[in-house]
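Same chain, two partners: chain A is paired with chain B first, then with chain C.
After this line comes the complex of A and B, so read on.
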């Protein structure tokens, strides 16, 4: 006992207690509810164990798996486009010698809007009747309004545009921090040796930047579910489930239908998606850092 | 407690401004030191009441009202469900609705045991019946809603329109009496993308409710007496086909499947829609030249009939409930009465909302007659008749919202052409069967 009180465990106890209360217990409780028919409006159902029934139903639920697949696709496309645009913006701002601070501040503006506001704003832009986009296209002779938020592909593209607008600056800021930290010597040496700009970027800048890329990817892949508000505002997952993502499906099941047990079962299946993305990016991060130190 | 309520009961004749209503049972008391925590529905059409009634109640009773939450009904619904799950029912009064009330189990107190019979006698008995869940009166009705058909009068008076319509469809162009006529006329008036014949709310409970009332009007039903779904029927397919035909003919805007109530109301006010099925709450807005391009040019008819000879009349009432856990039930009862009193209902009626007290119907119609306000007189007379003769509630079961969430994506899929109406209704029917089975109906 004395050894325990004097050892490192006693110092770790406050952290462990807080983590247990804030993370572990809610996780265990939600895991338990996924094995029950728990309805928010019927608290007694929390104590009725139904085994894997929720999971069995989900395995055979085509709507769930379509939403799952669409979410994977959405994440893959949105995160990669955000990376490309963020990298482009970071490289451009890094080149600027005058007004860089002002531009950096301006670049962060989209992050300052709450996702709900972003959703409203882009819903208005893509409104088929009074939206800015259709009015703009009308100036160029496109008379028939385009149903941006109804057509299956266009609706997903519209949501993705809103999400990319909102979050590209996260990538830009993190990558700009990386760019500012790159030593100048190797770049100057490469230029003296006759490398062109592309060769310098490909062989020196990008390898230095890769750890930042994967850190940004990891952060965004965990944080991207904030886009729920955007989707909810713009389409609510519809029409006809054409833009249904796991977030809208889980939210509707849990809070509107009040079937929290089923919603938590969906969440636990989708957690594997988050773990897979995070694991992949961490793996790539470690690999990039090892390569950098080797070089 | 009941003794104090009865002691505070005063039978009085109330005079409010320019109208006089019949004798009303009032429910005042001295509630100094009492603070009632309340969760209310928010939004432009709802908040005017609170601004007048809360200070009035506080002044007359000495009590205080603390508004904990004020948000749209769907968000409020989610919040209350979370409160139930967490057991955190630390409020006394909350907004409610007859279509939502049955979901909340027994968190709301039975007002039959709290409200004196003389107070309850002031409300329309049928509405009180709709406010009752499993024999418990869990809400005091605030105002009722049912929809009727607004239209642009000038379109029906135009000689060219009359001649062209008659030539094309073989009958006179008059405000529609049936939903088939609505379809013909909507297609006739449409000139997309600048002008559309009509529109409909296209998602969530809204479109499910519209489908429901059309199924009833076509002579069908959603469920049998055991709550087995029976809407995948000729009446159901006919109802769904009506939505599909209008969408395919571009007689409604392309984005209609994302529309909810505000979108349709503002759409009609924008002057780009010929006919609009909507509730009375928009009437004042539609006829206000500052807000509406169709002001002064609005006609109104009772909701048309389906092929079964019945008029559509999906109806419900906004209401207020008192939690079972409320520590000051007597004060809360007084506040519930104030929120739905003659004074409160007259305030909302002047904005076009339909009262739940017969006395206020008489009073508002008398007031509009005296003012010579022909438009609002037409609105109140039409809605009074509609509520009396056409209105019907959705099934008052806890699974209603969950059922509508299963139904509406299938309706949308059929409207967009992803599925045939029969396939869509078969899928919805299968899901509805699962929901009802899980709930233990069969």
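After this line comes the complex of A and C, so read on.
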């Protein structure tokens, strides 16, 4: 007993109890539900086991796979663009000596916006009638309003713009922290030896920055699902499912169509997707850290 | 002009473009909140702001006055109250539980420590909407749907992992020797924690608290499904309801948006220094 009181477990007990009750048990229920035809309107169906029927149906469901593919594609494009823009911004701010702190603070502006606000603000900007975008274009003679949030491709581009606006700063701030921490000696030595700035960047700056890239990616991949809030606000997954992501599809299936069993099956797939993303970047982080300490 | 000067001008030019891109969307929303409806709807657009007023805020807070567009369709004050109650309570509990947990991770070595740490972090990965489905089923069985307690409980679980991540890092920065000296001088472990480690990590814990508050304040996916009425709906859900109204009142919605952003703005500026150090040292030093 005394050993228990002095050990770590008593300190971790509250955390473990809460996480078990609010996350673990619900996930187990969710797993069970995904093997039943549970509908909110028919409570009895929660106790009927149908095996993998929901998952089998999902495999043959084209709507699901389109949403799934769109989600993966969306994340791949958004995360890469955010990284590239973030790196560019970090390098730019790193070059500025006067007013660097102010710039860094301004850069954090988008981080204060909740996803629902980000969605709202871009819904307003891309509004075809009175939005900033169309009003601006009108001044340059584009009289015919562009249906930003109605057209399939444009709507996805608009959502992507909102997503990138809101998350690029996370990359910029973290990469800037990395840049500021790079020792100056090796860079100067390389310059004396006749390296040009691209060679310095590629051989010295980038390897040093890599752990920070993966920290940013890991932190970012923890909340990729915040895109749900943005999409829900901007288009609701519509029009005609043109911007449907996995998460909006889950929400529609579970709450609007009341097909909880099916929605839980989908949500298990989305959970694995999120965990896979996080694991991938965390693994890369550990690897980059080790490589850095070897050298 | 030499090459260096041209370079400097280019750098500043891109920095200014960047700031415009970052600031415009938010500022446009803030500006709209103060503009009359006619100007917002005008075609061609009215670019120079005029007749700025506080009508939207009056409508929102006092239920409409002369010259406004009538009653606000959203009971903003109830939503504000819910947001404050839920965010403050859940932050308090999450920081309490998370700090204790973070201390446990920082000061004790045990088997599979890193695996437990990763497992706790992974609970944060689960998309809110996926988690909301089973919680909805459970809560509707035990009557916690549309209650403060239910939503607070979920938010506490949401915030604990991140609090542990941050406080663990802050505690590890404090040399172990300090509390060991205190303990040889006759302090108990709890006294050493209370008099030495806790005061030293105060700023870290405060920033963890602000993070937790912001996450709760900004959360949408979970509340939107667990809250059903004015009893527990928060401001973010209110904004969504507002946009779903039949008549579109853009200045009104922007006023509500300003309402949501102001606390977040102030708090983020307060923690911005800890934000970067807190997030990076946990990752780099391992």
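Simple rule for what comes next: the second predicted complex is superposed on the first by the 261 of 295 C-alpha atoms of A that agree within 3 Å, B and C clash if a C-alpha of one lies under 4 Å from a C-alpha of the other, contacts with A are read in each partner's own complex, and residues count from 1 in each chain.
Keep this in mind: contacts are C-beta pairs under 8 Å (C-beta built on N, C-alpha and C of every residue); 3 or more make two chains touch, one makes a residue touch a chain.
Quick caveat: nothing in here was measured; it's all calculated off a predicted structure.
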Legend entry - Joint occupancy of chain A by chain B and chain C, clash or fit: clash
Legend entry - Contacts of A:255 with chain B and chain C, given as first, second, both or neither: both
Inset, instruction - Would you check which partner chain A:215 touches, where first means chain B only, second means chain C only, and both and neither mean what they say? - result: second
Inset, instruction - With the two complexes superposed on chain A, say which partner A:89 touches: chain B (first), chain C (second), both, or neither. - result: second
Inset, instruction - Please work out whether A:61 is in contact with chain B alone, chain C alone, both, or neither, and reply first, second, both or neither. - result: neither
Inset, instruction - For A:235, select first, second, both or neither according to whether it touches chain B, chain C, the two together, or no partner. - result: first
Inset, instruction - In the overlay, answer first, second, both or neither for which of chain B and chain C A:149 touches. - result: first
Legend entry - Comparison of chain B and chain C by chain A residues contacted: C
Inset, instruction - Determine, for the stretches 45-53, 99-107, 135-143 or 189-197 of chain C, which one clashes with chain B when the structures are superposed. - result: 135-143
Legend entry - Overlapping contact positions on chain A, where the chain C interface meets the chain B interface: 255, 260
Legend entry - Residue numbers on chain C that touch chain A, as the complex places them: 11-12, 14-15, 18-19, 21-26, 28-29, 32, 40-41, 43-45, 97-98, 100-101, 103-105, 107-108, 110, 116, 118, 120-131, 133-138, 153-154, 156-157, 160-161, 164, 189, 214, 217-221, 225, 236, 239-240, 243, 250, 253-254, 257, 260-261, 264-265, 268-269, 272, 275-277, 279-280, 283-284, 286
Legend entry - Interface residues, chain A side, partner chain B - complex: 37, 40-43, 127-129, 143-145, 147, 149-150, 235-236, 238-242, 252, 255-260
Legend entry - chain C contact footprint on chain A (complex, rising order): 6-9, 11-12, 14-15, 18-19, 21-27, 29-30, 33, 46, 89, 92-93, 95-96, 103, 105-117, 120-125, 130, 132, 135, 138-139, 165, 169, 173-174, 177-178, 211-212, 214-215, 218-219, 221-226, 228-229, 232-233, 247, 250-251, 254-255, 260, 263-264, 267-268, 270-271, 274-275, 277-278, 282, 285, 289
Legend entry - chain A contact footprint on chain B (complex, rising order): 74, 77-78, 81-82, 84-85, 87, 103-105, 192-193, 202-204, 253-255, 257-258, 267, 272, 398, 401-402, 405, 408-410, 412-413, 415-416, 418, 438
